[in-house]
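Can you read through this structure? Questions will come right after.
Chain lettering (A, B and C) follows the sequence in which the chains are written, and residue indices restart at 1 in each chain.
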Amino acid sequence: MYKIRLHEFEGPLDLLLFFLKRDELDIYDIPISKITKEFMTYLHLLEQLDLEVAGDFILMAATLMQIKVKMLLPKDIDEKGEEIDPRADLVKALLEYKRYKEMSEEMSFMESNMRKFNYRGNYEEDSKQAPNDFETLLKNITIYDLIKAFKKALMDRPAEPIHHIKKWNVSIDEQMNYLAAKLKDKNSVSFLDLMLEMRDRVRIVVTFIAMLEMVKSGTIGLRESVTLNDFFIYGINNG
Amino acid sequence: MDSIYNSVIEALIFASDDPIPPGDIVAAIKALDGSDSDITDADVEKTVDELNTRYEQNGNAFTILKIAHGFVHATKPDHAKYVGYLSTEKTKRRLSQASLETLAIVAYKQPLTKPELESIRGVNSDYTLNTLLEKNLVTISGRAETVGRPLLYVTTEEFLKYFGLRSIGDLPKPREIEEIMKDEDFIEQKRRIMMSGIEEKAEEEESQSELETDNELEPEPEDENTIE
Amino acid sequence: MDSIYNSVIEALIFASDDPIPPGDIVAAIKALDGSDSDITDADVEKTVDELNTRYEQNGNAFTILKIAHGFVHATKPDHAKYVGYLSTEKTKRRLSQASLETLAIVAYKQPLTKPELESIRGVNSDYTLNTLLEKNLVTISGRAETVGRPLLYVTTEEFLKYFGLRSIGDLPKPREIEEIMKDEDFIEQKRRIMMSGIEEKAEEEESQSELETDNELEPEPEDENTIE
């Protein structure tokens, strides 16, 4: 029986190259009848094995037979008056394909080499710190960003349908003190976290104004957070 | 350039999970230390060479590779078997012959269209192309100006990383067709010498089993695994 | 213990995805070099200390930390601001999966309204839409003529530039996507996976009722070697 490994051939060109190589045939003087016969035998074999023959192989078979017929007819003449070899296009295609097949072998070698290198596996423990230079930090924060974060804080609060009339039980000064105290304990606080602690809309508004006051007087600074909808407040005195 | 940046550059490369371009390193330093920091891409390049020399001298297990337009730390090949033993990622499959062939054509001819690719390979390449797109080794870059405006394909940064290339220009030069021709005989000789041993064996085996029409169609008995 | 293992241990810690316990390192070395390699957990600990001393002496930007019973490389805090800057820059550049999905829908369906978008995505898309508006990849082009005259969204010039397209028509057409993504093996696999699920269920039900012969319906194990 034939021993055939179908996947050995990447396509009809590959198969033809195989025939040429095996029989040591001259690629510039392909014995077209012989090659066509071989090719057809292979196709029949595929059919016998009940394998679906790819269209590309059938197309090549047709091309080969066409060349075979043309070889028997008087040759076409090119503009220089020379005979055109009906095999010319096929030869060109074979050489072009062979060229890249060679490169794929080269690349397979490169692939093997690279598989021996291993990259770093774990980045979690790296020390990272959002830039804390005042100038750099505010570079990308605008009033719009502030408003947006503020709005988000208000919007994300669960709705409270019951309305009470409340006294203003909070002042800007109080909230400035509150913020200052907050920042004594920690280096910085997230604006969203700060807002989540507050249930009262008035308190949020007042705290926000207090925060703006403190930015203006230079006692606190703001810096953007990795999640773009938040920012961090940090004290300038305690660094 | 201040030598304090040696350590910063090492840290930035060490902390980057993809090859980091020298420009990004320079940008980070300038952004934090002021644009008057007199550091250039060439300084980064030089530092990387110095670091590599140092790793070599100190017998470190890793080195900095210059690939995919940037720098990345990687273990030296010497330890591949140990790392491979513990890592599942490294056991991933190699690319198939079809994929390599297609990649070679895309790499050298890019940007190119699917019809161009298929005319060189001589086979329909939808499946292979899809595999390569999935693996992020190839991507779509736009459309050709030709009739029908077919999509154009190019290789990716991941492609460079996979094959250890710094840029596409680092690909080995393909031989000119004339050169292939010249060498044809030589390759053939070499091949025949190598193959003859194997073929004889194969023939022997066969003659023992059954002697129908002979092994004419038998391709080179190399890879036992590529059945389907 | 042979000192050649210093470098192997360094490589294993470097390449490990998680903090690697000394026991795993010992196991890997013994598995590859024979169980008579006289290496112990204590040797690994000692090697790590030596490596750290060496890093310190050589002014390397990284160190080995011991975390959760395992070892892991990490950059030193000295350069945290540079490392942090780069990772922030990277996050800013990257579009999330959700943004990308939204962008794709806008690109293909434009002009479209938010309700249309949300009916496709099945989730509220205010946030992703805003991100895209901010990054200037999507913009508002006017209002639909339908009830309530909702806003219409379209992609921007910036979007085209980003993806290297001349016009929206240059995006891969659904037919082309189909062509590239078409992949008979995959469809076949998917079908088989789906079928096997159904069959297994069917089997279960059956076995509860009458316990016949079983695994005939079981799908064949997949060929491990089929390439690609």
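Everything below uses one rule, namely that contacts are C-beta pairs under 8 Å (C-beta built on N, C-alpha and C of every residue); 3 or more make two chains touch, one makes a residue touch a chain.
All values reported here derive from a predicted model rather than from experimental measurement.
Relative to the centroid of every protein C-alpha atom shown, the closest chain centre, again from C-alpha atoms, is found for A. Distance from chain B peaks, on a Cα-centroid basis, for C. With centres taken as mean Cα positions, chain B sits 17 Å from chain A. If you average the CA atoms of chain A and of chain C, the two centres end up 10 Å from each other. Annotation: 21 Å between the Cα-based centres of chain B and chain C. Residue positions of chain B touching 2 or more other chains, listed in rising order: 14-15, 31-32, 73, 75-76, 79, 83, 87, 97-98, 226-228.
Among the residues of chain A, those in touch with two or more other chains are 7, 118-121, 126, 128, 131. Within the complex, the chain B residues that touch chain A are 14-15, 17, 31-32, 65, 72-77, 79-80, 83-84, 87, 90, 94-95, 97-98, 100-101, 103-105, 107-108, 119-124, 162-165, 171-172, 174-175, 177, 180-181, 184, 188, 191-192, 206, 210, 212-213, 215-221, 223, 226-228. By the touch criterion stated above, chain C contacts chain A in their complex at residues 11, 14-19, 65, 67, 72-81, 83-85, 87-88, 91-92, 131, 227. Partner chain C is touched in their complex by these residues of chain B: 6-8, 10-12, 14-16, 20, 24, 28-29, 31-32, 54, 58-62, 73, 75-76, 78-79, 81-83, 85-87, 89, 93, 96-99, 126-131, 133, 140-143, 149, 151, 225-228.
Interface residues of chain A facing chain B in the complex, by the touch rule stated above, are 1-14, 18, 21, 24, 27-28, 38, 41-42, 45, 54-56, 60, 93, 95-108, 110-121, 123, 126, 128, 131, 133, 136. Taken together, the chain A residues at the contact with chain C in this complex read 7, 118-122, 124-132, 226, 228.
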